[in-house]
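Order of writing sets the chain letters: A, B, C and D. Residues in each chain are counted from 1.
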């Protein structure tokens, strides 16, 4: 078992003929990800690393009805269309790597996906990996290893840092999900936690948050209400970030009073979630709680 | 992109909202002539057009009882920096006598993933202040995007902040117009505070509109905002942005470079944790080229606050060898190792990177904690 | 029993203080319709023929939670808002009398109503009457009488003509629905027929169609497929209308080849539905089939 | 409201669609000067701007191989009535050589209650003709309004009509633009036929746009269409519309008045059924006043085709006494009973109406069939 994606997941790469799409298709194939098709409008009939390319998702799915997930490397201007296309083509999981998608567009496709029962991961995210099974994303595969720890994270590189520390400490991962750094994302902490709660292999969860928004507070509430029952440890980036400044993708603090480092740590610690001071403490904390 | 008050009000006007009669005076124009031409009857409000919060408290808004006084104030405000920034425009508006100041805004609720309307009968202070002092006064309504914010939603909100009769209709018209602006302009925030209640109609005394930078390509009519005009950035931040660097100036002395926003913020946190103080946040992002790394390192060489540099790289898409090459290029091409530099390299092509640095006489750390301790101790 | 509305239906009149709203509120009250509230923005706190008026549906429903239907007399420019407001306020049936609502707006609220489980009747319709029980519409009540015949009609006056003929022939009606003359309406023939099919009191159905669109053809298909099993007779207006001309509300014929009088009669007769040459033949035909 | 070809093309252009280079010549302008100024290279297509279907077959579209010929043709077309109507504008376009003519349109599917896209690789003939001759060539796609018609929908349609590569992209861009026009303009129909395939791009050679009359208030930029310019109405229909009457001219000799579209159509049908021929359709609607009835009757007094009048009223909202009063007023005020009139009255206030007529010497029928037989026999 794993969360959302595993060795049976069959993937379509949208925007497969672009520089990024091509590069990561190779890396995903090398990792063992089962990529069955690619889509780039106007490039139907070609191949990328042996993967057949189609003009539309409709055709790709007609030829590869087993496909159930897609990953999007399409430029921001066309990325929303690609998400709708993936949802309409029946994908259960859609990973949106693309950065700089207008937030109103994200609102649109995220709400549409929910209605249609599709899980959108991202946008502006590194993707999802179930170590040893499949990697649908741009994370370096070798730093992850199979094991009992779930990871859900708002930050890319920080995920790698912590996953690598866990791996070195002998703590492998069921699944690691980078949910993306944009203000509006398709899969939130609490939604990811519902999935990890139901996954019997996941014995503990690492929550990697950052300043801005209130996802960490909502995660704490979920723990408090007993809707997430497994051990959780957390790390929150941005303790020393000055207020009102946009730190990379960490959004501004507009929702009254929420979004501060202190607020998040307080909310988590109040419900018994241990919050690490440095990413390097995470493996020890996990060992303590597991 | 934050719009100026006068721009936000122009847009609201286009959407049928009544705004105070006004005249905009650009730096270099003749205030007396412009005021005479506009024919505004005093008293008037003279408002510095800057994009910083708390403009009023910082002395950017003045009342003039005569046109002569208004001219004087315009000239004075042009020379008055608000949080370090002198305005390029002054807006002079007819003063609108009113008793009640309301608050109305639309933002995106990240967790609900819907637009949310916020309104309060206690306008005039910041929403954070209202939330602290009169939390029960804030009415919230999430908008179902399929239906939009319609008259009846707006009336329902208006009733809850105590309006009725014609004032309720006026508020409802204002709020539905604000929502259309919010949607049409890809806004992150559309706000009026204070929104004055004048007799039985509402008039926005101030208006704020922040447009999603990612959607600006759809709004060419907004033009380019000169980064110097926004007052949001320091001189060094402006220089960095023009070079394409994601840089935030801070108060310490350790220049920080990281890859990825989360890791770079964490690097700052680690520096603090071990007694140091970061001079900046500088994120080189994912998959940085040697050229970009060179630019970033060179920038911190120049940046005077940074007495020493701490570079924290975890290689994923970013390759450690490429980063190392960039560091070496900076040293070779930009005048040598001008400041002490501590580098932590881990992840993709770590060994290759370490070797490249070693040949240039630099030793990279693997453990970020050891690296932090080192840089703080320098 | 009856279809959609009966003596238990509690009605809110939207736009109650306007000329039409006021006039028909009186007529509906006289007929015995249970009107519990009216809504006109800005007129909250007043009364119309003893019916309390509110500013919003939200307030009206808060005070009268038993309300389950509304009728809309709001001018075209504001009518769509009123429909959404009624749907959001939880009305099960919304009758839209208003004419001249833009068709794109009708598309919007009709689709929204379907998702929310609300039945919209109209726009541009005379409403619905379950004789002897309730009248939510502008039809003259006295020409209807209780009985076993259902009526569903695209035409107002023609409904009155035929209902009156039935009444005079001793054939009362369970429910008569005027679905409206606009190209896009909330309740179609086939949707109304599903309701009449399930109503045990309805023993036969009169279908009053007209040229344009393909609702009659779809009704015929429903009979053919056995999804409507009761006796049906029909009358179609516009046999001699010249093609391409808009005859009052009967729309132009843009959907290739459909919409002609001949096509509709052929479709209906092919599945055994008797089509009357004149409205006056309807009572005799009903007697024959019932 | 039907838009002229040149108006529809202007709008498409605004939405990024490439249309043939052209110049519009209004009646009274100098064609030679306009053509010279426009600098179009012949051959050109000279197109009469009328709103009737089958304009080409009726001689409203001509090719000119030189500018001199074009000027001649413009002058000639201004004097050539198309289905009775002389144009106010002539559009002269650069002729676009092409091999393939496609069809593309968006309309509202009443039953599905969604917009539907129709496309075919066999353009150049009417959609009815395509439906008859190449029904299998018509690709239909219903649009989910929540998602809109997006690039991938358009590409899917394009592939199904045989396009690929760059032509597919061009078609997809055209179709999504056409959809935005359809939505933004509250259109009942947005169509291009023929849509030419020129190399690897599509160019609309003709464009039609019909805007929902009920939504015109939202599109003041479209201006008012002079009813005379549309070619949709006969002289008497125009007179009736200006008087606010819903009137359609027919070929028979019995003037028809009814209340309600369905009943009025049925009245026509009944007249035919019993051997008569209606001269018109005239619906006085619901709740007609005596004044309106007077106007309607007076109009048929004037209308030469109507040799006699049949008025079929079923009183619902409409009151029979009010109708009777209107008839009497018409007779009293408009020059007596100028044509034979047969009246059927039933429903609300039937007896009162009958009595009013009786006093004016008129007898009303109750049974419409008897009334029809009577009027046919006159």
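Structure notes:
Please note the rule applied: contacts are C-beta pairs under 8 Å (C-beta built on N, C-alpha and C of every residue); 3 or more make two chains touch, one makes a residue touch a chain.
Quick caveat, the model's predicted, so the values are computed rather than measured.
Shared contact partners of chain A and chain D: not a single chain qualifies.
One inter-chain figure worth recording: chain C and chain D are separated by 27 Å, centre to centre, where each centre is the mean of the chain's CA atoms. Averaged Cα coordinates give chain A a centre that lies 50 Å from the centre of chain C.
The set of chain B residues that touch two or more partner chains comprises 146. Annotation for chain A: no residues touch two or more other chains. Chain contact topology: the protein chains form a single closed ring, every chain touching exactly two others. Chain pairs that touch one another, listed by label: A-B, A-D, B-C, C-D. Within the complex formed with chain C, the chain B residues making contact are 146-147, 150-152, 155-156, 159, 164-166, 168-169, 172.
The touching residues of chain D, counted against chain C in their complex, run 53, 107-111, 113-115, 127-128, 130-132, 138, 145, 183, 186, 188-189, 212, 214-215, 217-218, 246, 248, 250, 258-266, 268-273, 278, 281, 283, 286, 314-318, 346-348, 367-369.
Partner chain D is touched in their complex by these residues of chain C: 76-77, 100-105, 107-108, 110-111, 126, 138-140, 143, 153-161, 164, 181, 183-184, 188, 208, 210-211, 213-215, 218, 235, 237-242, 244-251, 254-257, 277-280. Across the complex, chain C meets chain B through its residues 41-42, 44, 55-59, 78, 81-82, 84-85, 88, 112.
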